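Right, one structure below, let's go through it.
Per-chain numbering from 1; labels A, B, C and D assigned in written order.
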Amino acid sequence: MTDHEALADSYQTLRRDLHRHPEPAWCEFYTTTRLIAELESRAVDEVRYGPDIHVPDTRRNVPDSETLAEWRERARAAGASEDVLAELGEGFTGAVAVVDRGEGPTVALRVDIDALPIREADDDTHQPAAAGFRSTNEGYMHACGHDAHATIGMGVLDRLLDSEFEGRFVLIFQPAEETIAGGKSIAASDVLDGVDALLAAHIGLDHPSGEIVAGIDGFLAVRQFRAAFSGESAHAGARPEAGDNAVQSMAAAIQNLYAIPRHSAGATRVNTGRVGGGTATNIVPESAFLDGEVRGETTALMEYMWEHAERVLDGAATMYDCGIDVDLLGDAPSARSDRTLAGVVADVARNTVGVDRVFDRDTLGGSEDATYLMNRVDETGGRAAYVGVGTDHPGGHHTPTFDVRESDIRVAIDVLAGAASAVFAGRVDDG
Amino acid sequence: MTDHEALADSYQTLRRDLHRHPEPAWCEFYTTTRLIAELESRAVDEVRYGPDIHVPDTRRNVPDSETLAEWRERARAAGASEDVLAELGEGFTGAVAVVDRGEGPTVALRVDIDALPIREADDDTHQPAAAGFRSTNEGYMHACGHDAHATIGMGVLDRLLDSEFEGRFVLIFQPAEETIAGGKSIAASDVLDGVDALLAAHIGLDHPSGEIVAGIDGFLAVRQFRAAFSGESAHAGARPEAGDNAVQSMAAAIQNLYAIPRHSAGATRVNTGRVGGGTATNIVPESAFLDGEVRGETTALMEYMWEHAERVLDGAATMYDCGIDVDLLGDAPSARSDRTLAGVVADVARNTVGVDRVFDRDTLGGSEDATYLMNRVDETGGRAAYVGVGTDHPGGHHTPTFDVRESDIRVAIDVLAGAASAVFAGRVDDG
Amino acid sequence: MTDHEALADSYQTLRRDLHRHPEPAWCEFYTTTRLIAELESRAVDEVRYGPDIHVPDTRRNVPDSETLAEWRERARAAGASEDVLAELGEGFTGAVAVVDRGEGPTVALRVDIDALPIREADDDTHQPAAAGFRSTNEGYMHACGHDAHATIGMGVLDRLLDSEFEGRFVLIFQPAEETIAGGKSIAASDVLDGVDALLAAHIGLDHPSGEIVAGIDGFLAVRQFRAAFSGESAHAGARPEAGDNAVQSMAAAIQNLYAIPRHSAGATRVNTGRVGGGTATNIVPESAFLDGEVRGETTALMEYMWEHAERVLDGAATMYDCGIDVDLLGDAPSARSDRTLAGVVADVARNTVGVDRVFDRDTLGGSEDATYLMNRVDETGGRAAYVGVGTDHPGGHHTPTFDVRESDIRVAIDVLAGAASAVFAGRVDDG
Amino acid sequence: MTDHEALADSYQTLRRDLHRHPEPAWCEFYTTTRLIAELESRAVDEVRYGPDIHVPDTRRNVPDSETLAEWRERARAAGASEDVLAELGEGFTGAVAVVDRGEGPTVALRVDIDALPIREADDDTHQPAAAGFRSTNEGYMHACGHDAHATIGMGVLDRLLDSEFEGRFVLIFQPAEETIAGGKSIAASDVLDGVDALLAAHIGLDHPSGEIVAGIDGFLAVRQFRAAFSGESAHAGARPEAGDNAVQSMAAAIQNLYAIPRHSAGATRVNTGRVGGGTATNIVPESAFLDGEVRGETTALMEYMWEHAERVLDGAATMYDCGIDVDLLGDAPSARSDRTLAGVVADVARNTVGVDRVFDRDTLGGSEDATYLMNRVDETGGRAAYVGVGTDHPGGHHTPTFDVRESDIRVAIDVLAGAASAVFAGRVDDG
């Protein structure tokens, strides 16, 4: 067994352990403690976690205490460190490692770590099931590759620790990306202070193994919300007039949210992806909710949608004399990859074994809260690029049969570590 | 020719002249001058008309000056008296005659005089066309029998003038019933002061010739309104976001107006009977309107609908950032016929030649602003009954082939004059 | 202790035991076995239960096997007879007892036995909580008095067994009234063959203790349904056009269901009391449902609503290219109490101790599937009356604090047994 | 006066005469006869008009005979040639001139000639009013510069007639652009047979005087339609259930048309720009219509919208048991300017006096049925470019104060004649 293969084995072990323990947003207790243990076994200068890397008020959509407690308990049962768990408190998950090698650029890498509420496939054509590392948290699954992302982060760290460079390397394991709820909090903290170049990465995205997208653009700015309508119930046969019908308000809102006018300045989106209300056929429903989102090709377009959506929600509540409560669940701005930094990534990728094809840019079409971090770095004079790493994934993202080709983790490590090294070597300023 | 037949002939002449000159609400210039001329040829003590019998602020839905001028001009061309036209001013149409015979009850009869914007049938199976008294105001028609009603009023007056009675008789020719816009104004004036018994009458109502309904109930209270939405126009291709779409507001309002919850206390109604908006397919519409109405089996039920409708209209405007202007077009409360007075009518009817069947009560199912007058009399201690006089009408009310059997005018005169006489004779108090 | 009081005690025991074991529609396993045990301890000629008293295809809205199994298990744990449970099979709950005393009229009494999915109040102001017979099936409750109804049935049986009469008495314990799902099945069986007079009874209905309504009318015919929309999911940001949005279909359906035109022939109702759809904010929802109902003052009016509702549902599915599946959950026709039989009840009630006030009729305003049984008897030449027995109930029907005054159970027994006796004595034919 | 100025004078005269006689789509009778008279005074080889240059079945949205007759009458009164009017028949307006100089490329120029139903400003700040050439067809106006376009066409013809070239020049005066109804018909005829290069031009488009756009892209494909709903009327108070409410269908359609999901492949649009229905507040409306349009950045996107729109319209009709009739009013595909031909235009423009700034491309954001002609040429192997000629226009397009700076007509003639000459000279093949 070569050194390289041994290394690869340890990454496979890590990835599969994380895959076995998928945890939803803000509940990544096991994942965080596991990653911290890894970091503490390495020669990093600083490992940060807990409230220290967050700004509490900017955390969105944190589950209630009961849910957090339940996941903490699962993590404990899976062997999570009690001391670390205590620090993570009420969902202050995620971790940051810093390697400080004196004067030179500061390069950051951001990977995300949370999983999805999807039941993983259990038949033998699904590799994690066949190879024995299927989710042990039934109903939850790493169906978007964040287990691979965390592993890639650890691999890049190792590669840099083994290399010569001058400057600072900041590795960020971000929680709560799936609910676009964690990026804002990390971006608001001091974690990104002084970062000159930020790399973020995602595996798959409909690119097969061998393809690299050097700098993804086209992140749709997004805002997700819950609108809760509250009226009055009444017997639908005996006293229909006594009710204030929250479901009628909800339906009027749905119809008119989708009907918000399109915008000539670019793409917009709206969806009411989850709705519900009422208790029984014969009761005028006193409560109803809709979980919705608006998006825009730019943040301004998303705000245009949001302003209109607020009017629709207000109007719908007014119509049926219902109260309305709108909670923001998560949001993310739009962002663009810096073309110079992306150029460096592309150059590195073209010289990486296992890469067949390099795209300078591609469009995401979805949303990502890495954009909070990218914009923060951009605003303070740094550069950010969001790198796509192709992988042959059998099922689509967010489906029960999603999986990654594990050898692509190594490709990702090579490209990202190479790009970081190039920045340390001053290649961005040459570009 | 017997006297009776000669009399009948003069009524036929009057009815047919009115039928030939149908005029819409508040525009009954010819009709009013013609009726005043008739009254002034009779031994009545007082003939009142013009602003004297109205309370200006309570007149609803008066056409604009241009429309009024146009109808005044038509009346002039048809031979209306210049002096009377001058008094009628800006649509203060209608007339009142008073016969005062000293001590005794005051009995009032209310008939209505306006026509409808319907084009009259012109084939020979339609009697007015065949006999040469079809509408000369093309596009307008006496399609609800108010020409007959006015004639009946004149006939009852003649019968009473020919009879002995002690008391006061007040004959009211009310304008603007079809738009339920005139009753409120008359009721608010002093015309009904001191009235002990009010009779109102309608011909037809799906009862054939020979049937009398002594006291109709079940008037639906109604409120009619125009809601005008005002937004901003924009090019629908180039700048859809720049518009505030009044047609979207209007559509949301329509959907939710019909969806106002039913009421357990009785029947309600809602309709948006006439709507419009916008200018061209490629322009975001900046204006739209809906002419609607709400009704209720009681005035309270109508008010329930109205309150909810106002919320719907507000909410719909809010949704698309449109302004909204709601104008009341007309309204009428619910009312009930006084059972005692109806009993007197029924007794008289049972002894009237040409009457085969007498109903104590029946339900209207529609609305009528005679209810303003009925309630006014009721509130001041008097009694009111709304009498239905059957007639074989070939087409339905408000259709191009509506007509009345003219001999039923005589039946109506007999019943109503008989009932008035009975009240003068003190029969109500005996009842 | 007098005999009478001892008897009362045994009824209190029965009522409280049933109250302690509330079971939802078609799951009344404990209740049925308990009642059968009671019946078998009495001198009845026949006790029937299981598929024998049902017509399988006419049972509506039967829970799935898993749910049935769960409730069977609870019943077993509470001491239900294994043999009877075996007979009841897949929810063939309910029971019928027959007392046959030869020639004479056949009188039937129908009481219902199921409970509601409501969590019972647990504070001491709620008598069942204070006196220790609160629901032991948490989340379920006898919140509509069917525990009392079943007890009343047993009391009437005892009273008749103790009396002299000639004819047949049929006592029906009907399941699944709350979901208006059981009446049709019982009515379709042979249970009602030859019934001359059917009495059904309900306690409370906003009448205080001391009041009896001899014959309730105004049952709204009702049909309850689930409409399930099925479309295609898609990522709401990346591929909104790829979805067929079931929630948009559902919302269009809701808006237009409530907007079905009112009917001049009488009261109608519509409600979408429970709705839901979708999975996550960022997914175009592929499925949605609405549980709704339509009602009418007559069965024809309900059918008018239903026809229109079907069109709305079809149209809403068409709009978004969704499939639609409509399942009937339950229904009940309208019905009227027979005035002659109600007269007999009224006479008996006026002579019953504890009755202060007797109403000949009152209007229900809701729905009841006793109407299936009433109409069946009516169609075969018999008479049916639905009797209301007042009780001071602290909370409203279907609320967590509903309760009955137990002494009113005795009043109900007296009135109903008295009425049955009067029918046996030939009083209906005299009426 | 120099020759050039004299020439300019004759164009001013033509432009102002056309401005004085604005005519809507398919009614350009005066305009066509005037242009034909001009053509026949020049040395062209062929002048074509009438059905000869159309394919009847492809003409969209032709007014009714009465309207056509009215405009024919106005044209006659303004001095139009009887012989030509006879040829133009039922709105076969427009004209084509051909100059044939033997072997060489065929170059076509398309200009449009119709006006808009807009009342022209009449104050002195509006140049046409001040200078005495305001519209004499009150309520109609050349508010989009087609008067200038026609003049430009004549100027380009003159310039080419004065020049040496080998090949064929085809000048097309297209009717009915404003309703996107005429392009399809011309494109379907043989007029474009053998065309190697097609130039189309538009003045203004928010570019000031001195700017040229060599090849406009971003035409939105469009389809305009009228959906007419037909139901049954009924009295809204007495028989609401008897109606099939066309306005309810229309409102449901409006709401759900705007709610058609956005498309990830590019921009889409939808508008219901003009709607109406019903007759009176108290009548359930039996008819309603909506004039709408869908657009797409590509023809496929427009077709996506159209397919969905058809489902919405069907569903809305189904909901209220209404009939629906959908008529296409006009449509136009998307198109792109050929980059090579646009390059030639740009080169010429850069060397044209009065041109300050040249854009290679710009986006229209609206729709144009020149795209039918452009695509036809493209499909048969030719090239097409849509050229924008800036002008300082005081009011926006389609507003009462729109006007063009007349000296820009000369600039347009120079650029377009120059570009045509360059094509004849073979410059496209060099490009």
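Throughout what follows, a contact is a pair of C-beta atoms (placed from the backbone, for glycine too) under 8 Å apart; a residue touches a chain by one contact, two chains touch by 3 or more.
Model, not experiment: these values are computed from the prediction.
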item	value
Centroid comparison with subunit B (C-alpha atoms), farthest chain	A
Of B-C and B-D, whichever chain pair has more C-beta contact pairs	B-D
Cα-centroid distance, subunit B relative to subunit D, in whole angstrom	51
Geometric centre distance via CA averages, subunit C-subunit B, whole Å	49
Overlap residues in subunit A, where contacts from two or more other chains coincide	238-240, 245, 248, 252, 255-256, 258-259, 261-262, 264, 269, 284, 365
Sites on subunit B touched by subunit C in the complex	255-256, 258-259, 261-262, 264, 267-270, 365
Touch list for subunit B against partner subunit D, complex	117, 220, 222, 224, 235-240, 245, 247-248, 250-252, 254-255, 258, 269, 271-285, 288, 291-293, 295, 329, 364-367, 398
Partner subunit C, residues of subunit D touching it in the complex	238-241, 243, 245, 248, 252, 255-256, 259, 261-265, 284, 304, 308, 311-312, 314-321
